[in-house]
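First the structure, which I've put down as structure tokens, then a few questions once you've had a look.
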Amino acid sequence: MALTALIVLPLLGGVAALLAPRLGRDAERWLSIGLLAVALIALVVAWTGAPPEDAPGEQWLAMVRYQYAPALGLQFLLAMDGLSAALVAVSLVLGIISVIVSWNIRKDSGLFHACLLWTVAASNGVFLSMDLLFFAFFWELMLVPSFLLISIWGHGDREAVALKFLVFNAVAGLGLLAGVFWMAATAPEITFDAFVFAEMGIPPVAQVWLLLGFALAFLTKLPAPPLHAWLPDAHTMAPTAGSILLAGLLLKTGAYGLFRFPGMLFPDGFHVLAPFGLALGAFGTIYGAVLACGQTDAKRLVAYTSVAHMSIVLMGLAGGVHFAMMGAGVEMIAHAFSASALFLLIGALYDRVGTRDLRELGGLMQTSPRFAAAFAVFFSAALAMPGTANFLGEALVITGMFQVNWVLAAIALVSLVISVVYATRLLKRIIFGVPSRACVTQDLDWAELGPIVVLATGTLLFGLLPQLLLVVLEPAVDAALAPLARP
Amino acid sequence: MIDLPFFLVASLVLAVGLFAVGLFGLMLRRGILFQIIALEIMLTGPALAFVAAGAHHGDPGGQGMFVFVLVLAASEVALGLALYLRLGRLADVADSDSVRTLRH
Amino acid sequence: MMALGPLIALGLGALAAMLLAPKAPPAAARWAAGLGMAAAAALALTRFGLPAGMAAPILADDELARFGTLLASLSGLAALVYLRPAPPAKEGPALIALAALGGALLSGAVHAAPLFIGLELVTLSLIALFVLPLTRPALEAGYKLLIMGGAGAAALLMGLALAYAATGVLDFAGWMPGPGLRGNPVMILAAGFLLAGLAFKFALVPFHMWAPDAFEGAPAAAAAFAGAASKAVVAIALVRLTAVGLPEPVWSGGLALLGAASILLGNFLALRQESLTRMLGYSSVAHSGYIAVILASGLAAPEAVPFYLLAYAPALLAALCVAAHLGADPGIEDLRGLAWERPLAGGVLTLALISLAGLPAVGGFIAKIYLFVAILSAGAWLSVAAAVIGSALGLYYYLRFVVMLFRRIPPGQDAPLYPVHAPAPPVRTAALPVPDTAVLAAAGLLLLATGLYPGPFAEALSVLTP
Amino acid sequence: MSLSPFLALLLVPMPAMGAFLLLGLGPAHLERRAVQTVGMLGAVAPMAVMLPLGAYCLAGVCDGVQPIFDLTVGDAVVALALKLDPLSALVGVTVTAIGACVITYSVDYMAKAEVPDQRRYFALMNLFLASMLCMVLAGDSIVLFLGWELMGLCSFFLIAYHVTSARAIAAGRKAFLITRVADALLLAGLLLLFLEAGSVRLDALIPAGIATDEVRRGLIAALLLGGALGKSAQIPFHTWLPSAMAGPTPVSALLHSATMVAAGAFLLARFAPFLQAAPLVMAATAVFGAATALFGAVSAVFQKDIKRLLAYSSISQIGFMLLAIGLGAPEVAIAHFVVHAIFKSLLFLSAGDMTQMARGTTDISAMRGALWARPLAYLAFVAGAASLAGIPVITAGWFSKEAILAAAWLAGPFGVLLWLVAMAAAVMTAVYAFRPVFVGLTRIDRPRPTVGGLFTNVPVVALAIATFAVAPLVEPMVAFLGGVPPHPPRAVELLGAAAPFLGMVMAAALTFVPRLSMRVSRARRLRSGIRIDGIYQVTFVQPFVGLVRWLTGQKGGIADPVGTLPILGAERLTAAVVRPFAHDPLDRGWSRFSAGLVRGWAAGRRLQTGRARDYALALAFGLALILLIAWGTTWR
């Protein structure tokens, strides 16, 4: 029941937020925060509750199975393991943060908050659904509020960019849909239950094609080159909250899909396609990093670093070894924190000075030390400094890569080196130097500092006490790898 | 074909004939009053069939149904005539084709 | 005796309302009829789950009958709520109760007599209800129903008489295809007449002509009862007759043919209707077609038809309730911005329309899935083709109205840009009365419940069909 | 968990870390005095903890591990721990002592800076100290790497301390990038060792590393060596260190000479038993060390800037340490580490004190007449220079360098070759060490002597005394670390003792003979470190920049070509498949279809004529149809 609340609360809350502006000033904001907080409590309840008895594996912490229309094979099946629990927690926290950082949004505020809540609801649906029809439904549903966020509250050429975002992801989503329906059609009796699909023994050749279809959707969301072109544009034009949700949630849904399904449903296909995944990840991590070095727009720069980091995640997921998979899980969480925080900071900067052009910025260190300190902390995270969760993730992935192929490990290390170039470039242009025309007179206020502190705490806490995260992820990783073990 | 007695077949044919006559009356007469009368004729068909079938099978149920049909016919006429009178104030009841504000 | 309880409650309610109508204040008659229907609904509800039996030698007391009684009483109650009492309409409540009584009778009918009496009770009450406002459109709608109803009743009676002639019994059970009956031409003709008679009441093409006119001209409450309750009980009668096993392929083939034609023509003619009620009239024809093709494909999924009715009835009731609120014969332009102006009315109307269109999250979606599963598994390709085309057309015209609900009224412009119907500005009415609000809320909740949590409903309904 | 004395290990980096958190991330507003106090306390307190621990160690209990916490990743257990053994005790004491001295010194040195800048400075210095101590005391590879990386981060921020100076920022980026390359190599090595051992404890890593096959062992050792070379600015990674002098002088003193830069030597000493199992890498270490020692010394001679001179000196001295490690005498290397830390920080601090008088310029010429202008600092500088040059018997530098030379001599014919190189380097060391000393003597007009503040003088004097006081302790140090002090033949030892004096003479000649000093000042090529920077510029930086410019479309191509591929593909597809149909048949077909639908609807609605008679007709038609079908089915 608590699991259902994780999706239903924000979904209905969105409707309520739509109407809330009539109730009073800022009603929709408090409503959203309150609902997400209640959802956090529901998450705790689901997490700490007794493990489900009918679950098909020990890794599941909670499960809801409700026959929707049994004659038609429709059911509402939610299951939560450590990874989904962590990602849902992240999504709720980032949801609250998005509300806080958009406090001065006035244009159609009700719809704005509805979109935020619906994005959270849909991504929670993706993280929890184990019925693939619902998974696909939430997967597509996620696009709608994000599209609106970009196209209504974005900057610059927002409508075209929103359309690009929509077209890329909707077209790629067709691969997923086709795969799901194909599996449902070939199942002994019509069903969309992922657990049933896992048991039914899909022929290896079909697995390859199905995995290709699934991977098309997941890789676009991830995004892995060459499917990443929507990301920099979308990030650049999105409002701050939109960027936070894009980086923190939407990208993670792609990684989550790649984590959950290839091993579970298509082990044979995985063995065939994993080398390509590794190659793609290796290419992407270098490519994203190199491109990040050349950006002049701060948000674009961070967007390309997302490509680089998520490609590391892809390597970890395609590696098929324990260390790499753990690393990918940790990196997902870590990147959600660090990238969101960087977008938050750049957004706050943009609100003050009206530009994100690196050539026009500078001198934050002298005018606003708190701003600079915050930048420095997340700069370290982007660099994968030891002590941040990002380091833990990347180190684990590289360790795994050493088990798979040393060349891949070397490439990941090169990406680590290039990260210095873009990260120091960001610092050099924003916090160092002489305060420029666009100099900031107003340091971070408490409403901005709060989210920053939360995100920094997350980054450092999981970096310094990684066991907190590792114990949560471990069973999920074990279960994901179990079907991959070759006889 | 199963063999039915001529009497019954003839009655049934007659009944269907009555029904058809009523239906054609419904289609061909424009006056609403005549249409109501045609309805009454239509109803006599099944009534006859019930009585004939009841007689053939030696079952009183047919006669019971006959009474029901009569009741229905009576109430339908009552309703129809009330409607006819009321409608007469607003429309040309002699030409039902003119009563067509509701269409398409 | 208890099995007859709902019937008695309905009868007493109707009687009391009739007696109270001339002298007592109008509210008294409403209360009497309302109480009678509420009592009937409650009695039927309490009897769910009891073993099936016979209420009388010619009346079944099974789950199907109880379901039909419940549906008829509740629809009657809802219709009663928004029956606008024009001065000469004091008899309205009594007529609705009487119609509900007919519905209850029909849903329990396992014999020719209650089938016929129930059907005529419903028809005659509805004719009277239609003409109650005594306006020209209302009288015209009543007149057309009278003519068509008479012809339909005659056809039904002809069918019953022929079946009686072939078998010598009036019980449905006696019409089961035995050795003597197989290939009996009288029985086959009887099936044809029966089908035609019921198809009239069910508003299947080409017996549908009265329906759109009735929806447009008659009071919304009467149309709602005709569309929701009487359709439901006729569907139940069809289920019973289908279970009997009338001569094939006349029965199923005819049903499929009429159903497919209804789907196509109903949806097609609704395509660009400007009037909300007329659109709903054609859509009711289409939905009858959907139910008919389910019936024609056999009863593989026992809950399919009841579920369809359960999803369809609240949608139609809610839509017509809003329509009644907007004044006589509201057009598409009158709906502009309703969702912002009256969130409840606009919201529930939206739910109702997307349910009728068969979109997810509301009951209509599940019902549509049942429909497709039934006809696909039966391999009825004609029906499938008709249903696909019909659904596509339906999506277009329902969403046309939904979109208009959310269009904002252009600023600085009170009247719509191009007045379609009347030059008068649209009736932007005051707040909904409390009972209407309750009806809308209940219908909306039921739609959402059947859409989001259909499991229990489907399970409960799966035991209905014999 | 019983209370072990090693629990105190955890306390060592804590004060510095606390000071960092308070100053760097704490939101409270602090006064100048508070900033200085917190910064200094954070730096001095670790020494107060570390010294008793060192004493405890000397007393004989010098092998303890303090677990921090364990992580489990699959089957592997990652057990984080701090470790106290002779190596970490000695280096830890040195680092805390030097750190305390330098940070105390900076209270005065940085006094004129703005409060926020000072706050940032002290925060980063404390963070550096904490991370250096983490690395030194680490009992496992994770904590070691944590400290190692954080040092690099601090180094970057401290080099770029003057945030408005583009040169400083560029230097910081360069330093960070090059050390990061080395860090990546080290990380690779450590991770490979971890995979071999299934544990991260140093005690387990080294045996596991030794136990693996030869190729893998060699590779891991080479990776570790690469990490050390980068961090310690050895050839070919040395280019970052001279530029790093853009930071404030105390930063150069602490990070970029005494402690962080020498961490490479510490790392190799840590893994010495493992390295010894890879003889090829050992030899490479020695060769790199000797070559860097000579190269750094020669380059230092030609410097005009005192800080750059000292930077090259550090490069050269750490080369000596690596030479020792390569020769299998890590104990000697660490002894030299300690001695070098003392005299090099002394040199920086005293030079900083002298040049600060000259309004910020750090040119050697600014030291003219320093003897009279700033006598205390000058004398301290002389003491440091003497130790650096290795004036026999009285200076600590002589003992440690002599030990290295001896180790080389004793290492066979290959060693003799290295010894020759090292001797040459030793001579050049004396040359560059005494050149500034002699410059300090050349000034005729005598300004009034001044003396710096208390916080300047106490550390300088303490370090000056230490350069001499440590002299007799060098051999015990080697023994304490578990090594045997090498003793070459007397003649070789004498040759070594003669080297500094030869150097002094040459330095005097270079300073006082105008023709020679002109030559020195013109030798640009040698001054700029044989232009390896230029080579890097051409081989790495320019291609990379070109790649970036190409990929971002600044060269006129498409930005993000790979990401554009799907878009181009879609456009091509559109052109090929959709466009031919876009205007003609399909599109028109659709519009005709929809128009037809509407027209059909308009026609179809006429079916509903509204005439009751027509309705009856339809009914009759339907009935007839059904009855016809029914009649049809009776034919059989």
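A few comments on the model shown:
For clarity, chains are labelled A, B, C and D in written order, and residue numbers in each chain start from 1.
Here is the rule we go by: a contact is a pair of C-beta atoms (placed from the backbone, for glycine too) under 8 Å apart; a residue touches a chain by one contact, two chains touch by 3 or more.
This is a predicted model, so every value here is computed, not measured.
Here A is the chain whose Cα centre lies closest to the centre of all protein Cα atoms. Counting C-beta pairs in contact across B-D and across C-D shows that the higher total falls to C-D. Ranked by separation of Cα centres from chain C, the top chain is D. Each chain gets one centre point, the mean of its Cα atoms, and the points for chain B and chain D are 106 Å apart.
Chain centres here are Cα means. That of chain C falls 81 Å from that of chain D.
Chain geometry summary: the mean Cα position of chain A and that of chain B are 73 Å apart. Mean C-alpha position of chain B lies 26 Å from that of chain C. Residue positions of chain A in touch with at least two other chains are not found.
Touching of two or more other chains is recorded for residues 23, 26, 35, 96, 99-103 of chain B. Of all residues in chain D, those touching 2 or more other chains are 605, 608, 610, 612, 616, 619, 623, listed in ascending order. By the definition of touch given earlier, these chain pairs are in contact: A-C, A-D, B-C, B-D, C-D. Listing the residues of chain D that touch chain B in their complex gives 605-606, 608-613, 616-617, 619-620, 623. Interface residues of chain C facing chain D in the complex, by the touch rule stated above, are 143-144, 147-148, 151-152, 155, 183, 185, 188-189, 191-193, 195-196, 199-200, 205-207, 209-210, 212-213, 247, 249-250, 253-254, 257-258, 265, 268-269, 271-272. Note for the complex: chain D touches chain A at residues 24-25, 27, 69-74, 76, 116, 119-120, 142, 145-146, 149-150, 153, 156-157, 160, 163-164, 166, 169, 172-173, 176-177, 180-181, 184-185, 187-188, 191-192, 194-195, 544, 547-549, 551-552, 554, 560, 562-567.
Per the touch definition, chain A reaches chain D in the complex via residues 168, 225-229, 232, 287, 290-291, 293-295, 322-323, 326, 363, 365-366, 369-370, 373, 376-377, 380, 383, 385-387, 391, 395-396, 398-399, 402-403, 409-410, 413-414, 416-417, 420-421, 424-425, 428, 431-434, 449, 465-467, 470-471, 474. Every residue of chain A that touches chain C in the complex is listed here, in rising order: 19, 66-72, 74, 137.
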